[in-house]
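A, B, C and D are the chain letters, set down in written order, and residue numbers restart from 1 in every chain.
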């Protein structure tokens, strides 16, 4: 094979597909595009782009340094565009998310526990955001992260704004 | 390829297929089997097994010597089973089929014209029965012929007796 | 065909190497696996082999009788001189959604584009007339061509194969070896004893032997003619590459082995019947259905057509019934 | 699986070399090109490759979620412990004609027969998991076997690929070279700087690189787990070998290239929509449809499933909607 071209998307360059309806409502497909959503988002808003009962996929515009988050279950961050540093630290006393709670919470202050480490992730890299850890993202240039998580207090739903409603 | 087995049918050995109806009437397919038809026919009856406006395919049980036939257009005989001798001769005065007439007629007497020749045809052989010729079949053992022709005075239609009416 | 007929073709694609084509408001493109057909109200993907096998028949048959459905969405409808190219026209769901689309062309005009597409999209080693076991993989990027395979002439006897001046019988010597699936078919010719002066009229040939030497599948070719009554025998292996919706009744006489016909409504595509035919079985295909055959072993099928130009109008207007016999 | 489970298989056929199988009142046989499925009220032919590619997924997925339609007639419906094998059950025409048929088996029991069929009917060199460009022709008479290909274990991460004690990342060394269609995909791993004692929690891996090394197509495999939320990414090329009718909503995040989903009604098979997804597109597949994907170039798809055992009943009883979000 002389050459191949795998097409990934980015904030700067994405081409949306669409729904050609035969006998249906386009809304049934809850169809959006993570690059489009991130291009219209404020940094580190956690916007749901997928929802299945209590579970969600959140889409984040990575730009600058995020607040510190923490969560009482594992989450997984997938970098869809850009380079993102993921910083992990243990929360201090009283900073952890309530036991058994759903989704991430935002921490008021920097975590008081010991540093766990950091990871530099580029497009296609998936990072574990381990249960009980505090985490912070940093991106020098705008990028896009999706997070596999549970619907929580920070999850934003704006389906009518992001989803396709028309047949192509 | 170590071995192949092409399955032809014969009076002695044929396996009919059938119609599995989903939403239909089996009669629409006018489905019969030439070996079954010939096995129940008298020698050299010309039984229609296919009809398309004025055109027909006739099925004949070849057994012994046939009457002499003649026809004012080409016909084609295809031997489906057995060995059939086809004898061709010119009709004598007054023996020819009327000009422009459809299908074969049976001659009262042996043709009065010169001999044209004869052909010995086995399974799968197709013989021209040329326009204006008299022809006679002979088969030492029972065989089956189909003839591509036009509906004529000798054509027998007995669809209700030969055709499938049930779904398998 | 006039040299003035224009074919709208792009330059070869940089990535896949195939040209794209436009005809009327239809657009055609292919990649490694699929053909994409676009029309003003929709688009449709077909595996490239499905498309090319169907296109090859439509080209070889000069649009054939009635409807040639490449699949459940795309195809052509012959008006003998002009031809409709359609998408969704014979598909209930597309019709109800208003996504169906038809455009009419002169036959020569559309044929020029179809031939160009067939030529550009057929790679070296791939023969769209052949059974899948006999030819190369049709997929991948552009890789050579196969002009010989796609430009075979369809056999059309004037009286009968083997008659004087007519289509000759097939032999090893004239390039038609016996097919692997028919290695056991007797190759003897009839004994012919013609009196002097009657050599041109005392004629017979081994039709089964002739068919055992066919180098193509699903390509009915005229072998004997009684006025408008055409015997079009053919050798069949794998799946008929089109769903044929005839504009008249046609008949099948199964001469060897077995074919199963999947029969659907011509207009809507709804299933009607599965017809299994074994050696000696003869059956009509009504004028209001479409049919697609499955033949596991290469088999011999006699397709019998009435070529009269009056019939499509008689059927379409209801003056002639869609079945040939009432009983 | 208990060794007491009986598989009803014939001796190999003298002509084609394949065994025939019976399971309940279903019968299965194959020849050079086709698989024939018989049930008390009908029978149905499928090209052998279509059948084997679907069967391979049904086996690998242990009957998966909901309905696995091998095509528009035959398939399985998972009840997680038992499984329905059906013909015509999700086909309007067969249902209206009363030709549909369902039989329920214990999953292990039916699986034993399915594995035996897959083993007997897969020839040397043919890999039903592979894309058509990557494997041999599936047709012909019985010719060897391909046990390694058909008995691949489906990957199931417990936490995340690359975590301690979990499914390892793929490398040339462990037998997963980069696929030809993904030769340009960066293979760098994330930079990881873990403080002492936190090595097991500071974990990341190159998911796109991992997928570029998949040796199978259309085989979603768990890569990360949040309770019952499973990320099942997969690499896709050519056509999804089944029409999947899920018993719950599933989600697709297209990570690279393009897939077109042909969506039909789950019960009747009537067309509903064609959904084209390009890199970054995310969409739900409702719980009342069936979907089949077309991917011209090998692409990366994230299939996201909610594995909760409560959902099928909630959907079936109407207590949960068939779409995940109203807006």
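Methods note: a contact is a pair of C-beta atoms (placed from the backbone, for glycine too) under 8 Å apart; a residue touches a chain by one contact, two chains touch by 3 or more.
Here the structure is a predicted model, which is why all the values come from computation and not from measurement.
The minimum number of touch steps separating chain B from chain D is 1.
Compared on C-beta pairs in contact, A-C and B-C come out with B-C as the pair having more. We define each chain's centre as the mean of its Cα atoms; on that basis chain C and chain D are separated by 35 Å.
Here the CA centre of chain A is 54 Å from the CA centre of chain C. Taking the mean of the C-alpha atoms as each chain's centre, chain B and chain C sit 28 Å apart. Separation between the centroids of chain A and chain B, computed from CA atoms only, is 77 Å.
Under the contact definition stated at the top, the residues of chain D that touch 2 or more other chains are 42-43, 93-94, 260, 270-271, 274, 297.
Among the residues of chain A, those touching two or more other chains are numbered 3, 5, 20-23. Taken chain by chain, the contacts fit none of the simple shapes, being neither an open path, a ring, a star, nor a full set of pairwise contacts. Two chains count as a pair here when they touch; such pairs are A-C, A-D, B-C, B-D, C-D.
Those residues of chain B that touch chain C in the shared complex are 1, 3-9, 14-24, 26-36, 49-53, 55, 57, 73-76, 78, 80, 86, 88, 114-128, 130, 133, 146, 148-150, 157, 159-160, 163, 167-168. For chain D in complex with chain C, the residues that touch the partner chain are 31-34, 42-45, 47, 91-94, 132-133, 137, 139-140, 237-239, 260, 262, 270-271, 274, 294, 296-297. Considering their complex, residues 15, 42-43, 93-94, 96-97, 99 of chain C touch chain A.
By the touch criterion stated above, chain A contacts chain C in their complex at residues 3, 5, 20-23.
Residues of chain D touching chain A in their complex: 159-161, 163, 180-186, 188-195, 198, 201-209, 212, 223-229, 231, 248-251, 253-258, 260, 263, 270-286, 297, 304-306, 308, 311, 320, 322-325, 327.
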